[in-house]
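What follows is a group of structures, each given as structure tokens.
Presented sequentially are two complexes of chain A, the first with chain B as partner and the second with chain C.
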Partner chain A sequence: MQQLINSLTDGFLLGFVYGLAAMGLSLIWGVMSVINLAHGPVITVGMLTTYLLFVHLGLNPYLGMVVVAGVGLALGLLIYAIAVHRVISAPHLSSLLATFAVNMIMLGVFNAVFGGDQNNINYSLGSLSIGFLNLTYSRLLAALGAMLFTAFLYLFLFFTRTGKAIRAVANNREAAELMGIPSYRMLALSFGLGSLLAAVAGSLISTIFPFTIFSGGPYELKSFVICVLGGLGNPLGALIGGLALGLMEGVIPIWMPTSWVPVVEFGLFVFVLVVKPSGLLGAK
Partner chain B sequence: MRTWKGMLTSVLLACGLVLLGCGKESPKPKAEKPQAEKPVAEAKGAKTVTIGYTASKSGPLKTEGERQINGLNLWMEQVNAKGGITLADGSKVTFTDKHYDDESNKDRVQELYTRLINNDKADFLISPYSSGLADASAVIAQQYNKIMITTGAASDSTYSKGYTLIYQAYTPASRYLTGAIDMLAKLAPGAKKIAIIHEKDKFSTDVVNALKTYATNKGYQVVLFEGYDKDTTDFGAFINKIPPGTDAIMGGGHFADTSTLTKQLYEKKVNAKMFAFLVAPPEPKFAELGAACLAVVGPSQWEPGVKYSPESAKAAGMEWFGPTVAEFDEAYKKKYNEDPSYHSAGGYAAGMILQAAIEKAGSIDTDKVKKALDDMKLSSFYGVIQFANGKENHGLQIGHEMVYIQWFKDPQGTFVKQIVWPEAAASAKAFLCPAR
Partner chain C sequence: MRALKQPGLWLYVGGLLFWGLVILFLQDPTLRETSFTLLMYVGLASSLNILLGYTGYVSFGHIVFFGLGGYVGFYLLSHLGWSLYPAALFGGIFCSVLASLLGLAVLRLRGAYFALATIGVNEAARAFVSNFSPFGGATGMSLDYSGYSLYGGSMKALWLAFILVWLIAIAVVIMSYLVKQSRFGLGLMAIREDEDAAMVMGVKAPQAKTWAYALSAFFPGLIGTIYFFKNGNVEPGDAFRLHLSIEMLVMIMLGGQGTVLGPILGSLGYERLRGYLLVSPLFKNLHLAISGVALLLIILFVPAGAVGWLRRRFPRLRGVLE
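And now, the complex of A and B:
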């Protein structure tokens, strides 16, 4: 029982971070129907930026997150301008290949500059014990950070003029343009926001686990599973999907060896795709 | 016209390629200048024994490989400086070496050892660094009836293949962590439950399988035995599985994963009397974990602070051979301007084992030296050396013990490692992990 509760809490807290990463992917898909295969390296950029700021400038990794958010936004805008803008109206395969190319370029650059060593942000906060329950502060703060950024996204999309414009473009781009909304600017901004979320998620992950330049990849895959669970294009669904995945990862190893976790996860992925292709929380 | 020009260009290009091909010499292995000097005025009946080996002077095993060779070269320089070894017939032998760079490559190793035996007429062989390369070279040594001392190679499997001329200097993988069980028995006689979490590669799996058997035979209960993949960074699931009341947590794998596991165990405030892990703890970089490294135990083949001495050998009723720990340490530092690692000590020990066997046999004849190696039981700066004689594991090292280091916090607040086991080699007294 103790093990179950400990595992559930660990998984639940991590689930928020998974949800945040998936939300970025989901937002980009929801607004412009682009499957962003450069999502993984953007997560890695978040990790690396936090690491470099911590190691070279001694910046607290949680404060560094503000810088990471800025870097993520700028990177997203750049990727949009260079690789996505021209193919946005082309068939899906074009944008898929364009973002895949960006993925390969970024991985190549990381490899050349940083190499494949494991990096570790040596910043331990200890843990909080409540009875037999033991929570590390890094996980608690990561969950809190993820919640803050989710709230920020929600407020931005629903209560600001620009946010409303993004939603209008997502809903019907032509109609939005007829209303005088500069749709391409909104698309670029959405891509930037999606990357911002990915980079921040990466930054939060780097405070919990050590990472290599390839660590963004598995989180990108998890993001796909989460988006399918929660419904692609539905940010709230992404958060709930993230929590579900986190809980599964916490609980499955209790009954079977951890090697089986991806088998169950991706089995579920296929199952949901077959039974309800729009995702559990997706539109009918 | 265009076809003509095209053909002419093609012919010219082809000729150029042929010429280029002729001009380029086929790559030959670079024989390097023997490091040890040949004795100038050879006494009457003096012989020079050639020791052949390959070294990983390039490739991923370069650092460890080079340290091993440094150790071997130091031994050769010292034995030759003393005028070599006097054999039973009164003649003297000195040593020289012949070596090639194996590029840390298995295929290359076999080709080069064949060359060392047939072309360079090596009398004795030393293995390359790492279990994989040593295993590849052992086949050749046995095939050509040459004695080989393996060093820098811990795998047990090489010695279960029926070889009769291969002798291991390192403690085998199967005994990497068994000493930790003995240590636990001494420190906490009431301890019962052990959790084993390990990397799923061959080396670590071999180590923990042997550990599990040993612990079970000693009456311990293994309450968790689970492997993790190479790239695991989240050990939460494994840590949550450790049952309450576990007395010791053991296992690990290589540096990156083991240090992460150690850190997460600490953050999760997992309490146990002992934490003993592979590979990472003896590394000085392990101290970067801060408070998480305190009390963690790890096995090492050798450390400069070991306390083996002629006195302790005498007390154990064993013959002492070679330099003392301090003499080796000092000579090595003087020659290479760096602290000796266990790879360096292993290289020196390989040469020293050969020297002891030749002295005992009074001959350089393979059969006589083999007999001396089979009977060998001696103590040295490197520890005890004794080989298994049975058919099923001939040549396996059974005398040498791992030393176990433990991380202490000194009064200044810095973390330092001390040797705590076996007690004969200890530089400090082991302690149980304080509550976290």
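And now, the complex of A and C:
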């Protein structure tokens, strides 16, 4: 029972971070119907930036997150301008392959610059014990950070003029343009925001687990699963999907070996896609 | 059989036949190995092209059929002592049947949803096989060295594998040509352009899609068995490489989707380019990045691929460039 509650809380806290990464993917899909296959390397960029700032400048990983957010935003804008803008109205294959090309380029550059070694941010905060409940501070802070960024995203999308413009473009691009919204600037901005969320999620993950340059990939796949669970294009659904996935990862190992977790995850993923493509929490 | 009267088909088949015969004549092992890889990619890319190029359904995880077919065939070879030919055939048929069953579910999805589902199927299959103890779990299975004695020793077996892949590549190209010229192929292309309109016009879209999916799954299953037979072992990481799956898409895009010649040219071009980048001291570390740049440039500026570009540029060649 103690073990169950411990692994549940661990999974739950990690779920917030998963949700944050998936929210980035979901935002991009919701606004421009592009599945961003470069999501994984952007997550890796978040990890690497945090790592480099910590090792070379001795910057606290949690303070470094502000820098990471800026890097993520800039990277997203760059990817949009170079790869996505031209294929935004083309068939899905074009945008899928264009973002995948970005994925290859980024991995190739990481490989040439950093190599495949494992990196670890050696910054331990100890853990908190409440009765039998054992929580590491890094997980608590990661969950807190994810909640904070979610709150920012929500406030931005619903209470600022630019955020409302983004939602208008997501709803109907032509109508939004007729209302005088510069739609391409909004598309670029939402791609940037999506990458920002991914990079921050990567940064939070790097404070919990060691990573290599390829570590972003599995989180990208998890983000797909989460988005489908929560409904593609629905950022709040992504957060709930992330929590569900985190809990699942905490609970499943109690009944079966840990290596079965991906079987269940991807099985559920395909099942939900086929039965209810709009997601478990989807509107229709 | 209108297709048999056209020069294109004979040109491609003749070229492939000539290529294989030259390798057989030269008896050079290095040349055989590179040709094996190239012909394997020709076969894989051309089968995927039936689904992607003709029908317009983007399968990101098509490698799942290569992996599963290879696993099933390899299991029959190593554990049940089947001979290579029935094992490979069974691997292919298994994949076709699986694809038609899977197709009933996933082919109802369109566009990006279908692409996502195929990624999910591949990852689920990889995770499942890694845990499936009859298939050796995460370590996979390996073939006993004596297993090759049936085919006259391991050297002969390597040649046999090459010949089989060569013949399969030719078969895939012929099938690809015939499908494109047939009523069935026209139906597929109508689905690609506008599925709803095609259905109104009387194309039985669900059946046609399922057939296309099953057909494009058959040959990867065959090739998978032969590939792992040649390797002598099979493991999950090798069988379900999502990366290879996407490289197949790159080859098709490079050559020109929806054409017969496109996947052939594309796989040759891509593999040559990669081979060059991997050995060149200057680009060795950056080869992935450079392939990525090449892909991006093609997607952005030449979306019709090499063959599509040539067809538009030189209308006279259209009779030959199918």
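We take it that the second predicted complex is superposed on the first by the 284 of 284 C-alpha atoms of A that agree within 3 Å, B and C clash if a C-alpha of one lies under 4 Å from a C-alpha of the other, contacts with A are read in each partner's own complex, and residues count from 1 in each chain.
In this section, a residue touches a chain if its C-beta (ideal position, glycine included) is under 8 Å from a C-beta of that chain, and two chains touch if they have at least 3 such contacts.
As the structure is a prediction and not an experimental result, all values here were calculated from the model.
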Check your understanding: Since both structures carry chain A, what do chain B and chain C do when superposed there: clash or fit?
Key -> fit
Practice item. State whether A:P253 touches chain B only (first), chain C only (second), both chains, or neither. Key: first
Exercise for review: Could you tell me if A:Q2 is touching chain B, chain C, both of them or neither one (first, second, both, neither)?
Suggested key: first
Practice item. In the overlay, answer first, second, both or neither for which of chain B and chain C A:G108 touches. Key: second
Check your understanding: Between chain B (first) and chain C (second), which, if any, makes contact with A:F152: first, second, both or neither?
Key -> neither
Point to revise | Touched partner set for A:Y184, first chain B, second chain C, both or neither | key: neither
Exercise for review: Return the chain, chain B or chain C, that is in touch with more residues of chain A.
Suggested key: C
Review point. Should A:S215 be classified as contacting the first partner (chain B), the second (chain C), both, or neither?
Key: first
**Study point:** Vertex chain A, arms to chain B and chain C (CA centres, degrees, nearest 10)
**Key:** 70
Check your understanding: Where does A:D10 make contact in the superposed view: on chain B (first), on chain C (second), on both, or on neither?
Key -> first
**Study point:** Smallest separation in angstrom, by C-alpha atoms, between chain B and chain C in the superposition
**Key:** 8
Review point. On chain A, what residues does chain B touch that chain C touches as well?
Key: 257, 259
Review point. Which residues of chain C touch chain A in their complex?
Key: 52, 56, 58, 60, 105-106, 108-109, 111-113, 115-117, 119-121, 123-124, 126-128, 130-131, 138, 246, 249-250, 253, 257, 285-293, 295-296, 299-300, 303
Review point. Mind pulling up the chain A residues that touch chain C in the complex?
Key: 29, 33, 35, 82-83, 86-87, 90-94, 96-98, 100-109, 111-112, 221, 224-225, 228, 232, 257, 259-260, 262-263, 265-267, 269-270, 273-274, 277
Review point. Inside the complex, what are the residues of chain A that reach chain B?
Key: 2-3, 6-7, 10, 14, 118, 120, 122, 124, 126-127, 129, 132, 134, 136, 138, 208-212, 215, 249-250, 253-254, 257-259, 261
Revision key, fill the gap. Listed in rising order, the residues of chain B that touch chain A in the complex are 226-229, 231-234, 236-238, 240-241, 243-244, 256, 259-260, 263-264, 266-269, 288-290, 292
